[in-house]
Amino acid sequence: MNMTRRQLLILLPAAAVAWKSILAGTPEASPNYNMTEHWWGMLVDITKCIGCGSCVRACQLENQVTDGYFRTWVERYHVSDYDIESPKVDSPDGGKNGFPPAAVSDGKNFFVPKMCNHCVDSPCTQVCPVGATFVSPDGVVLVDQKYCLGCRYCVQACPYGCRFVDPKKETAQKCTLCYHRITKGLTTACCENCPTGARQLADLKNPNDPIHEFLKTHSVQVLKPYMATRPKLFYNGLDGSVR
Amino acid sequence: MQIPVEGFMYPNEVELQWSVLIVLYPFLTGLVAGAFILASLERVFMVKAVKPTYRLALLTALAFLIVAPLPLQLHLGHPERSFEMYLTPHRSSAMAMFGFVYLWYLLAVLVVEIWLDYRRDIVVMSQCTTGWKRLVYRVLTLGSTNISERALHIDERVGWLVTVIGIPSAFLLHGYVGFIFGSIKANPWWSSPLMPVVFLFSAMVSGIATVMLLYMLMCLVRREPIDMDCVDTVAKYLFYTFIIDFSLEMLDLIHRIYEADESFRSLDFMVHTRLFLSQVVIQILLGTVLPILLIGLTQVVKLAEKLRKRIYVTAGCLTMIGIFAMRWNVVIGGQLFSKSFLGYTTYKMGIVAREGLLTAIVLTVLPLVILGVLVKLLPPWPEKKEEPLLVALAAHGAD
Amino acid sequence: MTPLFTVRVARSDNVTTLCDLEHGGLGPFSSHISTKQFTKTPQPRDTYGEGRNASSWQHNRPRLPEWVVANPAMKAFRDAGHLFRLASVFLVGGILFLALRGFLVPRSFGQYGHYRGSAIKETAALPISYAGHQVCEGCHADILEVKSKGVHKGVSCEACHGPLAKHADDPASIQPAKLDTAVLCVRCHEANLAKPKSFPQVVSAEHSGGAPCETCHQPHSPAIVAVAGASQ
């Protein structure tokens, strides 16, 4: 039987659904995707993060992120047991190329991947004067690139430093939770490329998503809960010194 | 270009989002609100002594208000999309209201009040001038040349009403600018319910000081004697508002120091290092305490006229510098520290850039140029001689 | 001061009103008007703007019914005429704005909320760079077989091989580059205090003595089977 690899691919049902629309290059999401059936978030397991920077590189390549700006980045914390409130933090080039060996060996050391928290009560969408950024019906905070003024008010309003204005496009940029991927049945570029599974895309509306089991059995935190933004980026093993 | 960073900043925070142009914006709108409130002193609160500054204050407010949105426009990444603010204003955004508050204040308050106040002059000018000037005046009359006594009386009453509406509008215009900053919960340097009030009073201080300086300057240019009764009264009001402004700022400061929340260590360090010159030395000592002491002196001790003038000019200039420094410290200072409270970045102002120093200077001088044109077109000075033409016209207008 | 020019204000034959703009009139701050030479009471031109060619002021007004002229309210109404003109300018501006707004607001705005509904579709339509391991496994079943038995089973293909959606789309168009294990392996396995203790890490300089990693470890299933077997 003379069958090309490509034909074989189409026969694979799981991949085929997603792949068809990608191949066609049609400007539409997967026709089978229904926004009301999803509520996206992400789980970050700090105990698994090795600071390799795969997520940062993958994000940059997948989303054509301008050098020097980050939709996701990794921070390294060094917390001295004598002063847990004053951690030493570094993130050379967003952790894109990993981290050099630590200079000090005392205390506690760990990595914290960061990205948009896709807050339910997102202060960034609240302040947008024109409605160019919004929480989509499936819970993803997006920016309308054709409507954004570039006033930068949203950048100021984000407590997590997740937004920036692209110097070429002059519009606000941020993590889209790889919306072009998750609507086609794929996972995000950072989750796809995380070698240890420290990042897991989570669909909170899907009762079969492993996130539910995880949330039931672990102590999970969000960043800056006192900001009352209701983030959907859940951290397992988050240290109190992280901010 | 590597921006020097001390400690840790979130990587996207290193570059400042709001530049010197956004410093200029609250500075300019502040002058508008302040100048208008000074004008309303005469109109609504019947402080007759400040009458010579009434029209000048209105024109100053208009000139600065025309320029106020320009720094915002220049700072936008996509200025061509700014009209979206009018098309689809987002109700939950403090900034979305800008367009409407601005238009309301410009068209419904300032332009109407100036038009009503100048209508008699406009009508007369439309008949006494030639060429393009005549055309301008004729357009300004809107085709109605009724300046009968009764019509002018109606103008007077309506103008009063507009001023009454204008006072809360002026408060709204600038209080709202303060709210833009004060409502950002992510930024502890800004997030404070006192912010709109502090902005408002500092606006009044800067507006009153501007009009005082401009009035003295224009008297000098016109080689007219300065009405000292007027300037003394303006200085008195400057003194009072300045004291309120200073008290509010100190209240904010003391509250922060005493509460010492999680951001305090970081902000305290910033004030003692990067902001020491602009905040402590320029804003507080030179720009607030010194002018208050200087004007305070004229309130307590009876000084010679010449000395008073010098004190007013010195205090006025210091005030302007101080208020500008205050805007600088709020806008730039609020972006120098990391929201992780672990580090500090640096603001590098471009010189010849879209958001650079040169643009800022042009935008500061531009309102003065516009004011010059306005003063030429609509002279704010009472006529030296009695005008028989006007008297006759007015007499005829009445039945 | 010599007048620069003189303008006739009123055109009625029996009136000569001259209005000078003094020399300073074009100067910065003194364009006030001074009027001179009144021979008779000046008559304003068309004060009410109703522009009939009547010679006298009184006749210049439109004739109105007696009750209107007598009614003080109506007189006030007439004297506020200029305010209505101003109001109509605002009204026209307002209507123009509303008309423009209806025309300029994007069609899909407000479809799901206060934003352009089609922005969601536009974001979803962006091109993909990473095909995803399921797609790779569709063709490279042999590698999957090896990988699924080793500790790298959870590492997706493109984490090492780079984004290859183009290759998945048309395998002939682009071939994955040969990888340099000296760079690749240490990204994850170079020792660092901040890495979880359970994660296998080495100080590469001491570990292999300069030999490339694949001398001993097969990347798709890195455990050294022979050595492991011997030691146990």
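Here the chain labels run A, B and C in written order, and each chain numbers its own residues starting at 1.
Note that a residue touches a chain if its C-beta (ideal position, glycine included) is under 8 Å from a C-beta of that chain, and two chains touch if they have at least 3 such contacts.
Remember, predicted model here, so these are calculated numbers, not experimental data.
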Per the definition at the top, count C-beta pairs in contact and tell me whether A-B or A-C has more. A-C
Relative to the centroid of every protein C-alpha atom displayed, which chain's own C-alpha centroid is closest? C
Farthest from chain C in C-alpha centre terms, which chain would that be? B
In angstrom, rounded to a whole number, how far apart do the mean CA points of chain B and chain C lie? 27
Separation of chain A from chain B, taking each centre as the mean of its C-alpha atoms, in whole Å: 43
Intercentroid distance (Cα basis), chain C paired with chain A, Å: 24
Going by residue number, chain C touches two or more other chains at 109, 114
Residues of chain A whose C-beta touches two or more other chains: 131-132, 147
Chain B: which residues touch two or more other chains? 87-88, 90
Residues of chain A defined as touching chain B within the complex: 68-70, 73, 75, 87-91, 93-94, 114, 123, 126-132, 147-153, 155-165, 169-171, 227, 243
In their shared complex, chain C is touched by residues of chain A numbered 5-6, 8-9, 12, 14-15, 18-19, 22-23, 25-29, 33, 35, 47-54, 58, 61-63, 76-78, 98-99, 101-102, 105, 109-111, 131-137, 142, 144-147, 176, 179-181, 183-184, 186-187, 189, 192-197
What residues on chain C touch chain B, complex-wise? 5, 7, 9, 17, 19, 21, 28-35, 38, 41-49, 57, 75-76, 78-83, 85-86, 89-90, 97, 101, 104-105, 109, 114
So, in the complex, the side of chain B touching chain C is made of residues 83, 86-88, 90-91, 107-108, 112, 115, 119, 124-125, 127-130, 141-148, 150-151, 154, 158, 218, 221-222, 372, 375-376, 379, 381, 383-385, 387-389, 392-393, 396-397, 399
Of all residues in chain C, which touch chain A in the complex? 106, 109, 112-116, 119-130, 132-135, 138-139, 152, 154-156, 158-159, 162-163, 165, 168-171, 187-188, 190-196, 199
